[in-house]
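Chain IDs A, B, C and D follow the sequence of writing; residue 1 opens each chain.
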Amino acid sequence: MTPLHLCLLISTALFCIGLFGALARSNTILVLLGIELMLNAANINFIAFWRYGPSHGAANGMIFVLFSIAVAAAEAAVGLALIIAVYRHQKNIRLQEATVLKG
Amino acid sequence: MTLPVQLLWLIPALPLLVAGIGALTRHRGVALAAIFAMAGSFALSCLALAGALQDPSVHATYNFAWFDLGHGALRLGFLLDPLTALMTTMVTFVGTLIFIFSLGYMKEDKNFSRFFCFLSLFAAAMLGLLVANSLLLLFVCWELVGLASYLLIGFWFHKPSAAAAAKKAFITTRIGDLGFLLGLLWLADSTGSLLFYDGGQGVLEATALASLSGQTLACGLALSTAIGLLIFCGAVGKSGQFPLHVWLPDAMEGPTPVSALIHAATMVAAGVFLVARVYPLMSADALLAAVPVHALTVVAFIGAITALMGALIACAQNDIKRILAFSTVSQLGYMMLALGVGSSTAAIFHLLTHAFFKALLFLGAGSVIHAAHHEQDIRQLGGLRTKMKVTFATFAIGMMALSGVPFLFSGFWSKEAILHAAHEWDVSHLPLYAGLCAVVLTAFYMTRLVAETFFGKPRSHGAEHAHENSAVMTAPLVILAVCAVLLGFLGTPYWPWLQKTLDPHYEATHGGLGLMLLSIGLVGAGLGLGWALYGRKLRTTAAARDPLDTAAPAVMAVLADRLGFDELYAATVGRLNSATAAFADFLDRYVIGGLVTFLAQLGIFSGGVNRQVDEANLNGGFDAVSESVRGSGLFYSRKQTGETHGYLRVVAVAFVLLALVLALGGVR
Amino acid sequence: MIVALIIIGVLILGSAAAAMLRRNLIHSALLLVASWTGVAAFYLWAGAEFLAFAQILVYAGAISMVVLFAVLLTRQSRDAELPVEPATVTRTASAFAVTASLAAVIGAAVSTARFPASAAEAPSATVKEIGLDLMQEHGAALLIVGIILTVALIGATVIASTDKKRDPEDAP
Amino acid sequence: MNTSYALLARALQPEIILADGAVLVIAYDLIFGRRRPLATRLNTSLLLGALTLVGALIASVLVGAIGGFYGDNFVIDSFALATRGGVIVLALLTLGVASGAKVMRNPAEYVALILFATTGFTLMAAANHLLIAFAALELASLSLYVLAGFDKDRRESAEAGLKYFLLGAMATAFLLFGFSLIYGLTGELALPRIAAVLALGGMSPLLALALVMVLVAFGFKAAAAPFHLWAPDAYEGAPTPSAALIASASKLAGFTLFARLLWPGLGELAGDPSQPFNPGGWITIVALLSGASLLLGNLAALAQTNLRRLLAYSAIAHAGVMLLGVVIAVPAGPGPLFYYLFTYGVATAGAFGVIAVLENNGGCQKITDLAGLSRRSPLLAGALTIFILSLAGIPPLAGFFGKFTIFAMTLRIGGIASPTGILTLLAIALSAVALYYYLIVLKQALVEPSTPARSTRIRVPVTAAITLLTAAALIVVLGLCPSLVLGLF
C-alpha cells in the first residue's frame, strides 16, 4: 500500500464518520459539524493528490484547500446563525423536531 | 376575385381578434363583433373556395421560417386546397349560424360577452387548424381547440358536473394527443420536416412517403404505419372514437350552442379532418403486402366498432342531448370507417352533410330545452309538435337526414357513399355489416326521440308551458334545414361534383343499386320499428316503462349503462392501482430508503395515465378514481416526513445506489 | 514516514469518531478541535505548512469558537442531548448501515485504484510561491471568496441578530 | 498563461457592478435609511437594486461573448452570455416580486443578498474551472440559504433555511470530494485541460465515483429526485421572493454550470446516448435522475393541497425535462436547454409574484385560497393562467416550445429505443397527469366563487403589476417567436 492509498483511505474514513454524525445525531450543531468533517476529508484528498498525484509543481491542490477552508468557515457561520434562528422558535436544537414543513 | 394563399391567415385572424377584444372588455357588443367576424371569415372562405376550385388538384402553399432548431429552421405554412376551402367554408357558415342562435339562447346569461369571447377563440383555433400546412401548426391549433372547448364545456362552472365534464374532456382528448405529439416528433425526426406540402420536400409528398414506407421497424410495421397510427391516436381522442369516446356524452353539460359547435361542425370533425389531411401518409403502406397490419385497416375497424356501439348505446339514453351525442359518436365512426376503407371523399362528404344536420339537431334540441325551461329528459317532454311548429318541422328534417331517408335528404347520399365504399373494400366485409346494423339503429333511435319529444301529451310542467322561440333562434334552424336537404345533391352518384373536387382521379362507380335498395329497406325497417314501439302507443306519463325495457330489461340496463365501459375502466385501473400500491408498500416496509419505491410506482404511473379515461358516473366516478391516483401521490408525500435526517439519509443512499449502478453496469 | 502518517490518521479518525459518538456536546466540540488539529498535522506531514497554519487558525481557532458560542446560546438545560429513545436507536442503526455501505463503495474504489509512481520529494510550497499563485492564477477566485465572506458576514448577522425592539413603529 | 487583471476587470464588469451595487444598497440604507419607515427603505433599496441589475445587464451585453479569458478560469461564449443576461432578468423579476410581497425587516440586506446571489449566478455561468465553479456555487448557495431563512420571525422560514442549508452543505461536501478525486486523477482544475487529460485515459472506478459525487451535488441544486427533498419545504417556508429566486435564476445558473461541467469538462465520460438501455458514463446517471424526477414530481404534485408545494413538485418534474436538455446540450447545442430554463424561470417567478401579492391580501397557502381570484383581481388571475398554462406546456405559450425543442432533439439523437427516447415517452405520457394538477389550480383561480372571508378586491402594487405583465408578455412573446432566444446560439 502506497502512502497515497493510505491517505485516501483515511479521508474516506473521515468522510464516513462525518456522514454518520450528520445522519445519526439529534443535535443540529453536531449534524453541521459532521458535514464539516466531510469537507475536511475532501481537503485531505486534495493535499494527498497534491503531494503524490500526477500534477507536481503547480500548487493547485493546496490553493483549492485554502479556498475550501475559507468557504467552510463562511458556511459554518451561516449554518450556526440559522440554527440559532430555529432555536428561537423551537426552544431546542433537536433536528428531528424541526418538522413544521412536511407533506 | 379569389383569396390568395398568402392571405389565408386572415380567416382565423378575424375571430381571434374578437376573442382578444372580448378578453379585455365585458361589453355586450362583443357578441355582434363575433358574428360579424365569423361572417367575414365566411366571406373570405368563399373567396378561398372559389380560388381552390379553379384547379382542384393544386395544393397551394405559403411557407415561412419560424425559428431555428439548431439543425435547420423550423418552418410553418398555410395550405389551400379544396379540402381546406370546403372545411373552412362549412365551419364559418355553420359557426355564423350557431353564433346567431347563441344570441338568443344565452341572452340572459350574466357572462354573455365572455361566452362569445370563448366561442371566437374556439372558432379561431379551429380555422387555424384547417388552414395549417404544418403538422406542428396544426397541433398547436389542435391544443388550442382543446383548451377552448375546456373553457366552453365548463362555461356553466357553477354546476359541478360541468366543471368535471370539462376536465374530463380536456384530459381524455389530451391522452390521444400524447400519441399525436409522439407521432409528430417521430415524423419530424425521420423526415426532418413537418410541412405537408413543400415543393416535393413535404411529408405528404412522394419522396418522404417512399422513405417512410420503405423503413421497417422491429415489429414488422412500416415506419409510416407506426407514425400514422400514432397520429390517429389524436384523432381517436378528439373525434370520440372507441375507446376514448367516454368524454363526448359528458361534454353535453355545456350550453347547447357549444354542443352544436363542438359536436356537430368542428371539434369532433377535426379528427376526421386530420386523418383526411394526412391520408397520403396513412395509406402509404397500402402497397406493402408483407406488413402485419395496414394503418387504414385499424382505422376502418375502430370506425366500425364506434359506429355500431354509439348507435346501440343511443337507443337506451333518455337525455335528448345525450342521444344526439352518442349519435355523433356513431356518425363519426362512419366517417372513420369510410376513411379506413379507402374513400376519403365519402368521409368528407359525410362530414359536411353531418355538420349541417347535426348542428340543426343540436340547435333544435337547444330550442326545445330553452322553451321547456331546461327540461332535457325526453320522457318528461312530449306534445311539442303543436306548440313549436318551426322547431318541429326543422327537427324532423334533421332527423330524416340523420336516419338516411332516401333521395331528398343529404344524409342519405353521404351514408350511401360510405356503405358503397365499405362494400368495395376487399379486406373484410365486417365493417359493412356493422354499418348496416347501425343504419337500422339510427333510424330507430331517432324515431324514438322524435316520437317521445314531439308527439303525445306534455308530461311535465316545462313541456306544458313551452312555446316557440324568437326568430333569432328559429331562423338559423330554417337555414340549416334547407342546407340539410340541398347539400346531398353535391355528391350523388349521378353527379359526383364533390368527389371530383376533392379527388381529381375519382371515377364514379355504378352498380351499387342492390346495396342502395337494401339500405333503403333497412332505414324503413328502423323507422317502422321505432314508430311501432313508440309512436303507435304513445307514452302517457313520464314514469311509464319503456317498451324495450319491458321486453329485454337486462340488455337495456347494460346499454343504458353505456355498455359498462366506464365501470370497466374503473375496475381494471383501480385494481392495478391498489395492487401496485400494496406492492410498493411491501417494498417500503422491508427495504431501506424511499428510492426503491420509485420503481414500484412505475405501475401506478400506468394507472395514472389511464386514470383520466375511466369514470363510473360523471361526478362520483371520475373524482373517485382521481382520488385513488392522488392516493399514490400521497404515498410519495408520506415520504416527505419533514425530518431532515431522513432527507440526508436519502441523499447518501441514492449516492450509493447510483455509484453501484455506474460501477456494475455502466462503465464503458 | 508511513508510521507518522498512521499515527496522524489514528488521531484524526479516533477523535472524530469519538466526537460523533459522545453524548456530551462540549466534549464532542473539544474532540473535534483535536481532530481538526490532526488534519493540520497531516498538512504539516505532507509539506503544506502554510495550510496547516490556516487550518489551525480557521478551524481550531475561529470555527470552534463560533461553535462554542452557538452551544452556549442554544443550551436551555444541562442535558444538551436527548435521552435515548427507540426512534433514536433506529436512526442510529440505519445511519450506521448507510455509512457502512458508503464506506464499502468508496473504499473499494479507492483501494483498487492504480496511481502512477509518485515522487519521493514533496513539491515545494513557500509562502511566496503560494502568494504569487494566489494573486496570479487564482486572483479571480480570491475575489469571489472575498465576496463569499462578506455574504456570510451579512447573512449571519441578519439571521442571528434579535432586533425586535429596535423599531417598534416599523412593525409591518 | 494570460492573467491580465485589466482583461479580468473588463470581462467581469457585470459582476463588479453587481457586487458594488449590493454594497451600495446597504451603505445607502445605513446612512440615509435608518430613521425611515420600512416600506420606504424597501422601495429605495429595490430601486437601487433594480438600477444595479439594469447596469449589469447593459454591461454584460456590452462585454459580449469574448470566449475564454484569465487563463482557463472563465469562458464567456453565447451560452454563458445568454445565462448571464437570463439570470439578471430573472433577478429583476424577483425584485418585482419583492415589491409586491410582505415587507420584512432589514430590506436593504435582503436586496443586497439578492444581488450577491445574482453575482454568484453570473459567475457560475462563466466558470470554466473547478475552483471558480466551486466558489461561485458557494457564493450563490450561501446567499440563497440566508435568503430562504431571512424572514426569521416566522418559524417556517427559519426551518426552511436550515433544511435547505443542511442538505446544501451535504451536497457541497460530496461535490468537494468529487472535485478532489477529479483533481487527483487528472492533475488539473481547468475544464479544458481536464478534458484533454481524460481524452488520453478513460473511465475508472474512482472516476465513476467522482462523477456520481458531482452529480449528487448538481442533483441537489437542480432539485432532481431523489435529491429533491429540500425543495418542497424550502418553497413553502421561504419568503416568497426568495422562493422565486431559488426556483428560477438559481436553476438557470445551476444547469448552465452543470452542462458546462459535464460536456466540455467530462464529455469523454458521457457514454453513448444511442446505446439501447445503458449508455454507460454519466448519461446513465442523468437519465436515472431524470426519470425519477419526472415520475415523482408529477405524481406527488397530484396530492398537494398547498400551492407552493405544488409548484415545488412541478419544479421537480420540470427538472426531469431539464436533465434531458443537459444530455442533448452538446449534440444539439445549448439553445433548447437555455430556452426551457429561462421560460420556466419566468413562469415560475411570475407564479410566485402572484402568490406574493395574494399573501398581502388575506394569505395564500392552500390552493383553495385562490378561489374567486378572477373576480378579486382579473389581472392576477389572467397572469396566473398564462404562467400555469405555460408550465403545463399548452401551446402556443413558451412552455410548450421548450418541451417541444428538447423532445425533438432527444428523439433525434438517441432514437426511441435509447434511454433518452424512453424518458421522452415517459415525459410526454406524464404531461397528461401534470395537466390534471395544473387544471386544479386554474379551476380555483378562474371558476370557484370566493369565500366570504376573502372577497375584497385586491389592489396590486404598480411595480408588481408591471412585473407580472412583463413576465406574462415574455411567456407569450417567446412562445410565439422562440427565435428571439434560440437565435442567440
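Everything below uses one rule, namely that contacts are C-beta pairs under 8 Å (C-beta built on N, C-alpha and C of every residue); 3 or more make two chains touch, one makes a residue touch a chain.
Remember, predicted model here, so these are calculated numbers, not experimental data.
Colleague: Report the chain closest to the protein's overall CA mean, measuring from each chain's own CA mean.
Modeller: The most central chain, going by mean C-alpha position, is D.
Colleague: Which integer distance in Å separates the CA centroid of chain B from that of chain D?
Modeller: 40
Colleague: Rounded to a whole Å, what is the gap between the Cα centroids of chain A and chain B?
Modeller: 61
Colleague: I'd like the Å distance between the centres of chain A and chain C, where a centre is the mean of that chain's Cα atoms.
Modeller: From the centre of chain A to the centre of chain C is 5 Å.
Colleague: At what distance in angstrom does the C-alpha mean of chain C lie from that of chain B?
Modeller: 65
Colleague: Could you pull out the residues of chain D that touch at least 2 other chains?
Modeller: Correct list: 131, 135, 138, 142, 145-146, 149, 152, 161-163, 166, 170, 174, 205, 208-209, 232-233, 304.
Colleague: Chain A: which residues touch two or more other chains?
Modeller: In chain A, the residues touching two or more other chains are 15, 18-19, 22-24, 31, 43, 48, 53-54, 63, 67, 71, 74-75, 78, 81-83, 85, 88, 95-96, 98, 100-103.
Colleague: Which residues belonging to chain B are in contact with no fewer than two other chains?
Modeller: In chain B, 637, 640, 642, 644-645, 648-649, 652-653, 655, 659, 663 touch at least two other chains.
Colleague: Which of line, ring, star, complete or other matches the graph of chains that touch?
Modeller: Looks like everything touches everything, fully connected.
Colleague: Which stretch or stretches of chain D touch chain C in the complex?
Modeller: Where chain D meets chain C, its residues are 1, 3, 5, 8, 12, 19, 23, 26, 37-39, 70-71, 73-74, 102-106, 109, 112-113, 116, 119, 123, 129, 131-132, 135-136, 138-139, 142-143, 145-146, 149-150, 152-153, 161, 204-206, 208-209.
Colleague: Using the touch definition up top, name the residues of chain D that touch chain B in the complex.
Modeller: Chain D residues touching chain B: 162-163, 166-167, 170-171, 174, 203, 205, 208-209, 211-213, 215-216, 219-220, 225-227, 229-230, 232-233, 271-272, 278-282, 284-285, 288, 292, 295-296, 298-304, 332-333, 335-336, 382, 389, 394-396, 400, 404-405, 407-409, 411-412, 415-416, 424-426, 428-433, 435-436, 439, 443, 446-449, 481-483, 486-487, 489.
Colleague: Going by the contact rule set out above, which residues of chain A touch chain C in the complex?
Modeller: Residues of chain A touching chain C: 2-10, 12-21, 23-27, 29-30, 33-34, 36-37, 40, 43-44, 47-48, 50-54, 56-59, 62-63, 65-67, 69-78, 80-85, 87-88, 91-94, 96.
Colleague: So in the complex, the part of chain C that touches chain D is made up of which residues?
Modeller: 105-106, 108-110, 112-113, 136-141, 144-145, 147-148, 150-152, 154-156, 158-159, 163-164, 167, 169-170, 172
Colleague: What residues of chain A sit close enough to touch chain B in their complex?
Modeller: 19, 22-24, 31, 95-96, 98-103
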